[in-house]
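Listed below are the structures to be examined.
In what follows, subunit A forms one complex with subunit B and a second complex with subunit C.
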Partner chain A sequence: MTTTAQTAPSAPPAPAAPRRGRTPAAPYALLVPAVAVLLVGLGYPVYWQVVTSMQQFGLAQQFGAPPEFVGLDNYARIFTDDRLWAVVTRSIVFCLVNAFVTVAIGLGLALLMRAVHRGVRVVLQVSLLLAWATPLVATVTVFRWLFDYRTGVVNWLLVRVGFEQAAGFAWLSQTLTFFLVATFVIVWMSVPFVALSLYAGLTQVSDDVLEAARLDGAGPAQIVWNILLPLVRPVLAIVLLLQIIWDLRVFAQIRLLQDAGANVSETNLLGNFIYELGIGSQDFSGAAAVSIFVLLLTVVLSAPYVRSLMKEDAA
Partner chain B sequence: MSAATMPVPVTAPTQRQAPARRVSPRRRLGKLSLGLLGVLAAALWAFPVYWMVLSAVTPNARLRSATPTFLPVFFTHRNVEAVLTGSGFAAALRMSLMVTGVTVVCVLAFAFLAALAISRWRFRGRTSFVLAVLFIQMLPAEGLFIAQYKMLSGVGLLNSVIGVSVLYTAAIAPFTIWMLRGFVAGIPAELEEAAMVDGLSRTQAFLRITFPLLAPGLVASGVYAFLQAWNEFTVALVVLPAESRQTLPIWLRGFMSASVNRGVDWAQVMAASTLIAVPVIVFFLFVQGRMTSGLVSGAVKG
Partner chain C sequence: MRTRRIGVVAAATTTLALALAACGGGEGSGDDPTDGSTDAAVEPADITLWLAGADTPDELRQYLIDTFEAENPGSTLTIEEQDWADLVTKLTTALPDAANTPDVVELGNTQSPTFTTVGAFREISPELYEELGGDKLLPSFVEVGSVDGTVYALPYYFGSRYMFYRADLWSDAGLEVPATLAEFGEAVKSLRTDDLSGFAMGGQDWRNGISWVFANGGELAVKEGDQWTSTLSDPSTIAGLEMWQDVYEGASNLPATERDVAYWDFLNDSAEGGAPAAATIMAPGWARWSIGDLTTNEEGDEVRDGMADASKFDIFALPGVDGGVAPVFAGGSNIGISATSRHPELSENLLQIIFSDEYQTMLAENGLGPANSDFTQVMTGDKFGQTLVETAAGSKLTPAAPGWAAIEGAFVYEELFQKIAEGGDVTELAAEYDEKLTPMLNGQSG
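Let's look at the complex of A and B:
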């Protein structure tokens, strides 16, 4: 990256130009507190993880023996462990299913908001904001109550519409239905961001374009498919990418749902696996190795998103 | 800020601007069913929140009955009282307020200074710093919490407000820097320079001209930092293991688990959830427009 490219033509007529010569130290001084807290809160932990992931950190070290450098042994040990691959596969499948379902429903609602009467749209927007605003812990708690096996509303409703076997069904104690509920939770809480962002993108499409298409005889389906979707494609791509990144790091929702009595080793995702390994079994070097893997994965996946934001910074 | 003034862009729908023409019955039917679909979706998304608040004001005995009640006909404030006076809530509230308060102040101060640096100066290393900030804000807590736990336990800061606040500040500051950068960049430096030509010092010009214009940005960023710190679960779970030092989200988890064996007291659990959620919902409605635009505005502008 070249700093000079920054100030080139795209930059606004260099708002700072007059100051550059006089106070070269000022911007650096202003960055000191932020850089310091980032180094302490994130920089050191990352450094510690890199070092620890290459050290033997066993029982002897718990009692004060100096750690021993073992190179990539921990990575070899962890990445030949079937448990890890089961967790990685599960996390990726779960992440992709959730991200695509969320974006599909979000896109549907965004198009719906465009099509319906103003009153309906405002009601829908307010509901989505309510869902978005609810704190994560409260959300998971409510869903546990909705899916409670004895007096939960969901089971009651299912019995009412004819599924007798739903009476007393414990959703959270079987792996498959556990992930179904987890998907409901995550989709419910993620759709508002997607729907409102896409709707904001859709409102940017000029009415003239649509009117012209309509005069040329395009039907509603053609307008959506050939005009609206291509025009919101940039937003759609970013939103999908963000969902994939966010759904890969699901930890708290799973942890909180597991409290209801699920089989922990069958329902762990990556974050939960690290937690079990580190806090649970005190295998810090193994946990550090998996953490580094997760961090690298995030950086790789985030690159396109960061690039789009950098474009905004240069503009 | 009320829902009506929500900053979600609400531009006039296209249909209205089309020249008035006779709508065929089939089209009207289509429009009607889309409207119904919209109302159904709204109900689906609002219901869990409604159910939380409703259960919070319904006696537990009613919640245990075979048929649920969908209206607040058995209203009671016992649940809320029981939670407020019950074990742990007050302590967790105090802890949450302290952690959130320290975090918000630090985040705002540090992020504001950094935002000023990157939007008012072009300096060597600026691009690298912005790039680093953008990548850092994507890093998941789950990839760092083991190291953060070891770090804090190494210096004896587990279960401390300081320890968790440092981690929160580091996690929240990057996005806040990015958000504030937009606000600062939106205020032309020429305004300040004009004031200086009129005889103010640089500091005076900044305090009298730029700072008041930045107030909305600072408020929005402060609310964002508040929400993040108030809701945070993952890091708090790891670095605040002592029961007496829990923040509200961790306390709620324990509160529910405590009663799980003898059948959860859903009325009180929902009352507790409601108490934690309400301040957040109020603040959120206030700040959300800023957050959406910050996250995707680059893409929206295309």
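Let's look at the complex of A and C:
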């Protein structure tokens, strides 16, 4: 079919556009669409969030009553509420534990994938992808069934192994075991992303470096600690940062587990607390104030990481 | 290292985006509800009816759709089923928005005051009210749907709760249907074994638990002037809560954190015809259709036979402290027209159909207590209908306080009943929760 290609009318030569000089404005102009999307998609909601947090905004305002400006009253009310600080402490501890456990397990799996035979690795990767691709509600439902006090397979197995007291044990009834189950769910769902990202990072490590290390007599542990980890440190740092942010915002998993029967006020994390205030109790202004606080908290928690990443980049 | 830099910038941007997205929850829409247009002529349109849960049978839904379309040529009715659990959330966001509001909505009777007090519903004019049944409509439901004498939401149907029990297990143990609430407690406690709850009740299940409070003459809250006060510390309320604690601890094997439990599963024989997990449960009347032996229906599906074997499955009304019938929680729904509906005339036409003699009869025949008391006697044909009417007559509503939906949304009573179920000191807990609940009842955030 080369003939047709040859006979096809060729596009008229582009008119020689008057080339402006290399104006420094061009890169900024290219940034405009991205900034516009950010402003519309995120700036506008945040603006409303800030406005709402400084108003008296409840169900009556939702149905058309004019909201009253109350300045920082909502913040004062929220910050003097003992519930908030209990939830904040619980959320930060839960977030850090989950983020580190996830990254540790993910790193372990990534190293494992590097070490095993190709066939095994493909099976591992497919399994991870499947776990990751399962919809959240489906995953939590399966975990609820696993840990059901009456018909759950976990209790049944524990009894089989000899823990008689596990018969009928209600995992979600106690705060500690509730968060244990929640951790299982969240780690299960976030490990694949970490493992695959880290594995991708590990594949970039040149074999020459490793061979040189082996020649110098480094053992496997030394290679991991002194060569592999420092080389994938940037990926590791980003993944950990993302995990911390995601785990601080965890909401649906907790909510779905609470629906299976739990002490709601003692198992609320920040997301659930905001939901309960705003949607549950129609205190929209209080919920907005807590949301702004969570935004600042996220920035504070992640700032050191972002700064160290920037510094590394500049170096 | 150029690629690295892009990576870092991308990560930082992502971080910012995620951090900003972190505060997405709980945002109230800032839109003002646009005025529902008041066109003089009724233009044909499609109107939407929200029904809560699966309580309204398909046959009734189809009747509404067919009748509405026949009586309003060119117009159609769409029925959308909403989950009870998210109903308040959905109503909060949809009702103020004229573009998305359903025209007519069903909502729980106790949820009505929350919305009627903020003007979410269109007024039912006195003329229309008379036309739809007037004084024959269930007074307590009309009251929760009204603000200062103006009616906004009407009763849709009522239900009540009674006891379903395994007649075979009770008679094997030599037990009779109890005559008083104390006898009931003793009977179900004696039936309990490690594998069998004498009476299956979750610890957080306060909607059933408050029957013990009401039976002892207690109240959850009372209104003095225009202020609501939580009255858990009232001696009668405490007596009721302690009696419930005793029954829960002595007769139920369910965890203290259980709330919305499908109790009927406990009463049926377990898989392969094994022993049931409970000898007695408390449930709304329609639970009957989930109880019984397995049978095959016309479509060939495996279903329960609706308690056909009366020597195995039977019912009784929860007895009162001194005999008679204990007041139980009055379940049921109200129905109203959204204030922002663009088709108020068509919506009123739909109400005319719902409150027609035919539809009220159909409700009663299907075990849903009809809004119009003229049709209640349709139900008393069998023991299920009789027990429903008998228990409904004495049943009570939860406080019609402005903050009620907020209390339900924050699971406050669930938490209180859980702590009582775990063996907490009732007097101390009552004092603690009175303090928490009184401001919430009056619509101040807790």
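One rule holds in what follows: the second predicted complex is superposed on the first by the 241 of 315 C-alpha atoms of A that agree within 3 Å, B and C clash if a C-alpha of one lies under 4 Å from a C-alpha of the other, contacts with A are read in each partner's own complex, and residues count from 1 in each chain.
We take it that a contact is a pair of C-beta atoms (placed from the backbone, for glycine too) under 8 Å apart; a residue touches a chain by one contact, two chains touch by 3 or more.
All values reported here derive from a predicted model rather than from experimental measurement.
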- [ ] Kindly classify A:V299 by the partners it touches after superposition: subunit B alone (first), subunit C alone (second), both, or neither?
- [x] both
Task: Touched partner set for A:L38, first subunit B, second subunit C, both or neither - done: both
TODO: With the two complexes superposed on chain A, say which partner A:V93 touches: subunit B (first), subunit C (second), both, or neither.
DONE: neither
Open item on the list: Quick check on the superposed pair: does A:W48 touch subunit B, subunit C, both, or neither? Answer first, second, both or neither.
Closed with: both
Open item on the list: Counting residues of subunit A touched by each partner, does subunit B or subunit C come out ahead?
Closed with: B
- [ ] Would you sort A:M310 into first (subunit B), second (subunit C), both or neither based on which partner it touches?
- [x] both
Task: Partner chain(s) touched by A:A287 [first = subunit B, second = subunit C, both, neither] - done: both
Open item on the list: For A:L72, using the defined touch cut-off, is the partner it touches subunit B, subunit C, both, or neither? Pick first, second, both or neither.
Closed with: neither
Open item on the list: After the superposition on A, what does A:S265 contact: first (subunit B), second (subunit C), both or neither?
Closed with: second
Open item on the list: Quick one: is A:F251 in contact with subunit B, with subunit C, with both, or with neither? Answer first, second, both or neither.
Closed with: both
Task: Overlap of the subunit B and subunit C footprints on subunit A, listed as residue numbers - done: 38, 42, 45-46, 48-49, 52, 150, 234, 238, 242, 245, 248-249, 251, 259, 261, 271, 274-275, 278-279, 284, 287-288, 291-292, 294-295, 298-299, 302, 306, 309-310, 312-313
Task: List of subunit C residues in touch with subunit A within their complex - done: 1, 4-5, 7-8, 11-12, 14-15, 17-30, 32-33, 85, 88-89, 92, 95-96, 114-115, 117-120, 202, 204, 253, 255-259, 277, 339, 405-406, 409-411, 414-415, 418, 440, 443, 445-446
- [ ] Flag every residue of subunit A that touches subunit C in the complex, lowest number first.
- [x] 38, 42, 45-46, 48-49, 51-52, 57-65, 77, 149-150, 168, 170, 172-173, 234, 238, 241-242, 245-246, 248-249, 251, 259, 261-265, 271, 274-288, 290-292, 294-295, 298-299, 302, 306, 309-310, 312-313
Task: Interface residues, subunit B side, partner subunit A - complex - done: 3-4, 6, 8-11, 13-14, 17-18, 30-31, 34-35, 37-39, 41-43, 45-46, 48-49, 51-52, 55, 63-68, 106, 109-111, 113-114, 116-131, 134-136, 138-151, 166-167, 169-171, 173-174, 177-178, 181, 185, 188-190, 193, 230-231, 233-234, 237-238, 248-249, 252-253, 256-257, 260, 263-264, 266, 269-270, 273-274, 276-277, 280-281, 284-285, 288, 292-293, 295-302
